[in-house]
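Before I ask anything, let me first share the structure, which is written out below as C-alpha cells.
As written, the chain order gives the labels A, B and C, with residue 1 at the start of each chain.
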Amino acid sequence: MVSVRIDNVSKSFGSVQALRNVSLEISNGEFFAILGPSGCGKTTLLRIIAGLEKPTKGRVLFDEIDVTDVPAEIRDVSMVFQFYALYPTTVFNNIALPLRSRGLSPSETRERVVEIAKLVGIESILNAHVDRLSVADKQKVALARAIAKEPQLYLLDEPLTILDPVSRVIMRAELKRIQKELKQTIIYVTHDQIEALTLADKIAVMNFGVVEQVGTSSEVYDHPESVFVGWFLGEPGMNFVEASVEQDSLRIGGKPVLSERRILEDLKSKGYGNVLTGFRAEHVKISKAPITKLDSVAVIEGVVRVIEFMGTYYVVDVESDSAEFKVKIDPRSFSNLSIREGERVWCSVPLDKILFFDPNSSKRIDIGGDSG
Amino acid sequence: MRDYRRETRVYKIRKYLKLGILITIVVIYLLPIYGMFNLAFRPRAEMFTGFFVITQPTLENFVEAYEYGAYSAIVNSAIITAGGVGLALALAVLASYAFSRFKVKGKNLLMFYILSTRMMPPITLIIPIFIMYYTVGLKGTYLGLILVYGMMALPLSVWMTKSFIDDVPKDIDEAAMIDGHSTMYILFKIVLPMVIPGIAASAAFAAITIWNEFLFALLLSGIDTKPTSVLLSSIRGERGFNWGRVAAIEVIYIIPIIILVFWLQKHMLRGLTFGTVRR
Amino acid sequence: MEKALIVSEIVKKIRGKEVLKNVSFEVEKGQLLVLLGPPGSGKTTLLKIIAGLEKQDSGSIYINGVRVDETPPYERKVSMVFETLALYSHMTVYENIASPMVAEKKPKDFIDKRVREIAGILRIEHLLDRRADKLSGGERQRVAVARALAKEAEIYLLDEPFSNLDAKIRYALRTEFKKLKTILGKTLVLATSDPLDALALGDAVVFIEKGEVVQRSTPVELYYKPSRLDIARYLTGKILNEVIVKKKAEGGKTVIMSELDIAISESVLRDLQEIPAENIVLASHPDTAIIEKSVENCDGLKLKGRFLGYEYRGSEFLVFAEYKNHLFKALKYEKPLIDFNEPVEVCISREGLNFYNLDTGALVR
C-alpha cells in the first residue's frame, strides 16, 4: 500500500503536449480512477507513474519520496494492461512465476497460487493452458499474476476494454469484489464512466492532457465543474443548450423557458448575455400537453426525433429549433406517455436540477444560493 | 521506508555491466571491417606499419582499383543484382498473393517444393546449367545470370512476401471485392501499396544474396559481364599481393550493401522474424 | 411486395464444425434487422454469405426476390461495413469513399459530387484529404460507413459497427445512426454482440446462438419475453434475478418446493399450478425487483438476504443482495442508505416474471 502524489507533471512528445501541469493526490489504499476519452493522456500518465516514461516536467512521489528518476523495475508496481501479456504456459505457471522469483518454496508457491486463484475466481482452470481460455479468463489470469507480485501499487490500464459487453458487466462486479478484499492502492485508467463511477473511491476526469475535476462519484456526476465533465459522465451525458439572458426570462430560440428572478439577477450581475444551461436527461419530464407556467421549472418545447429502447429505460431525442437534447424515461412512464417520433412535446426540468455554464470558458457558474 | 536510492544504484551497475559486455562483443566483430577500411587508405609504404595509424592517407589504391577494372565490375554486379531482384520480385508478388488469398490445390506442398529448391547444394546444379547455357548461348550474358539469380532469390522472396501479404487482413480484399474492383486492381492498387515495407525487405535480402554470390558468377559470367565477386577472386596469383588495392575494391564492393541495409534495416528485421510471433 | 432479403435454410461447415445450422429469416424493405448473438455465434459468416464473399454448403439467399447464390459479390447489390472496417489505409478518406464508384467506372464529376454529399451526411467533410490511417476510432467508423453508402445497393450489411469505440462515442454514434436510417430509408442488416445495439436500433431482432436462430421478434418483445433462459441472461448481461422451484405431486396436491426460503404470493402459486413442467426457473429483470430494509405487500416472491453493495450508474443504482450464495439485484433511483451486510428483504414482483423450464430452458409462461 502506498500513497501517490503527482506534482505538476507535464509531458510532451515532440510537438504534441500529452500532459499539462497535472497534479493529483492518491491516498493509501484508495481505488483511484483516471477517466477520460481516448487520447486525453491518461495512459501516458499511468506510464509515468509506472516509470515507463519520464515526465518532461514535474515529479512523481510514492509516500512523499521522489521516485521520478527511479527505474520502473525498482518501483515495485504491478501493471495490468489492456492486452493481457501472458506467458505461453499454464494458468498455474503464470501466477507462480512472480512467486518463485521472490524465492518461495514450491509448497508455499502452490498454496499462494491457489489462494490468489480463488480470490480472482479461476481456481477451476489452474491447469489449463492460457491459449485455450476466453478473453475474460485471460484477463483474470493477468490480474492474478499482478496480485502474485504483491506490489505496493496496482496500475490497471483499461483492462476490460477488450471484453465483449456482456463479459464486461460481469468482470466489473468481480473487480469490485476483489478490490474490497485486497484493500490496496489501485490506480485504474478507463474511458468507461460507469466503470469509474462504480469502482472508484475518487475519480479524476481528464481531457486533452488536463485534469478537469477530481471528486467522488456523486461529486463529479451531480456537480460537474465544466461542460466536459457534465457531458462525459452519465448515459446519456448532460444536455447543454445555449440560452440568452433577457430582461424577464431565459430564452431558447427566442422562447422563454425560465423566469426565476434570483437566477436571472445573478447571471445579469455577472455580465452574462448568453449562458449554457446544463441538465441531465433523467431530470426531464415530458408532457404531450403544453406547459405555460414557468414557476420552479424550466420548460422547452420541441419535437421528438429519435426513440431508443435500452431495456431498463428509453432515451428520447428532442429537437427544439437549433437545440437538441435527450430525455431518459423509465419503461412504465414511457408506455403511459406513448409518444411517437415526430410528435410535439413539452419538456420540463426542475430549477434545482439546472446548472449554468460560461459559454466561453465552459466552466460552471456558481449561482449564489443554489444547491448546485 | 523503501530505499530506492540503493536499489537504483545496484540496478544501474548491473545495467552498465551488461552494456559493457555487449559493446566489447560488437567491437570484436567490427574490428575486421575497420581493418579493411583502414587498409584501403594506406599507401604502399605504410602497408605493414601499426594497426591504427596512417601518417599519409592516400587515395591511390582506389585509382589502382579503377585501372584494374573494379568499377566496371561493380556496374556488372549492380546490373545483375537489379535484374535478378526485379525478376524474383515480379514473380514472387504474383505467386505469394495467389498463395495467400486463393484456395490452391496442394498449396502447402507447392510452397514447400519452392523452398526445397534452395536446399540442394548449388554445385549439383552448376554443371547441367553450364551445359544448357553454353548450348543456348546464354553463357557470359547478363540475361543468363539474371535468370539464374532470379530463380535463386525466388523462394525466399515468395515466402517473405507471402507472410507480409498474410498480415494484410483478408477483409480489405473483401471490401474491395464488394466495391467491385478486379483482382488485379486489388493486388496492385490496394494490397501491394500496403506491403511496400515487406517488398523492400524481400528485395533487400534478395539483393544481398545475389550481390555476394560467387560460384554461379564464376562459371557463367564472361569477361565483360563478370561481377565484383569474380574479380576479387582473380586478384590472387599475381606477383606481390597488393593489399591496398584489394582493400579498396572490397570497400567499394561493400558500401552499397551497407547503405542498403541501413536504409531498410527496420523492414528487414520484420522480415527476419516473420512467422515466429502469432497475434 | 417482395421482401428485401430472404435467408433460407443456410448451412455452413468450417473445418468440419457446423458454424451455421439451418438459418432462415426475412427482412422487409426499409427495415433494420439486428442479428444479435455472443461472439462466435456465426454472425460474421452469415453476413459474408449474404454478401457473396463465402459460399454456403446448402440453402439460398434471395435479394429482392431474386436468387443470388451464383452471383459474385459485386453483382449482388450488397454493401458491407466490416467489423475491422477494412479501410484502405494508404489512401485518403476521399479515395476510400470514391472506391466503389471508381470500380463502377462512374464519371469524375459524378464521383466528386457524391463523395462530398455523403461526407456531409456523416460530417467528415473536413477529413477528405487525410490519409485513412491517420484517423481516430470514431472517424474511421464514419469513413467505413461512408464507403458503404457510396455504393448503390439494395441491402447494407454492418458487422459490429460500434465495437471498437469508446463508450461515449458508441452511444452518440448509435443515435446518429438511428437518425440516418430514417433519412436514408434503406434496408439494413446489423450484426452485433451488444444487446443494447439490438434494443436501441432494431425494428426486428434475430437472436443467433451457436449458428442457430433462437428467436425473432421486436426489441421490446425480446426484452420482456425472451423465449429461452440463456437469451434472458444474455440481454441483461447476466444480472437476471433467478429462483428455482420444484413442483411435486404429493397426496393429490401439488407442492412447490425450493432450496431457498421464499414466500410465494397466491397469484404466483396459481401461475405455477398451470405449468406442466417439474423444474421451473422464475426469472425477471432487476427493474421489477425491490431490495429494501423491509418490503410490504409483495405480490410475487419475497425473501430475506444481506446487503452486498451497489453499482452506481449515474442516474440509477443497481443494488445487490445475497442469500445462500444467490445474488439478487434491483434497480433503485436514489442512493441506498443500507450498510454492507445489513439484513434486507427482496421482493421479485410478479409483473415481468417469466417462467422457464429448467431442463429445456424454454419459456413456458
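In this text, a residue touches a chain if its C-beta (ideal position, glycine included) is under 8 Å from a C-beta of that chain, and two chains touch if they have at least 3 such contacts.
For reference, the UniProt names are B = Carbohydrate ABC transporter permease; C = ABC transporter ATP-binding protein.
Here the structure is a predicted model, which means the values were calculated and not measured.
Asker: Considering only which chains touch which, label the overall pattern as line, ring, star, complete or other.
Answerer: It is complete, because no pair of chains fails to touch.
Asker: Can you pull out the chain pair that has more C-beta pairs in contact than any other?
Answerer: Summing C-beta contacts for every pairing gives the maximum at A-C.
Asker: Taking the mean of the CA coordinates per chain, how far is chain A from chain C in Å?
Answerer: 25
Asker: Averaging only over C-alpha atoms, locate the centres of chain A and chain B and give their separation in whole Å.
Answerer: Centres of chain A and chain B (C-alpha means) sit 53 Å apart.
Asker: Considering the complex alone, what residue numbers of chain A touch chain C?
Answerer: 37-39, 164-166, 168-170, 172-173, 176, 191-194, 197-198, 217-218, 221, 232-237, 280-282, 305-306, 308-313, 315, 317, 326, 328, 330-331, 341
Asker: Show me the residue ranges of chain C that touch chain B in the complex, using the header's touch definition.
Answerer: Its residues touching chain B are 48, 51, 53, 73-74, 78-80, 82-86, 88-90, 99-100, 102-104, 147, 151.
Asker: If we count contacts the way the header does, which residues on chain B are in touch with chain C in the complex?
Answerer: Contacts found on chain B: 169, 171-172, 174-181, 185, 190, 193-194.
Asker: Would you pull the chain A residues touching chain B in the complex into a rising list?
Answerer: 62-63, 65, 67, 69-71, 73-76, 152
Asker: For chain B, which residues count as touching chain A in their complex?
Answerer: 1-2, 4, 7-8, 11-12
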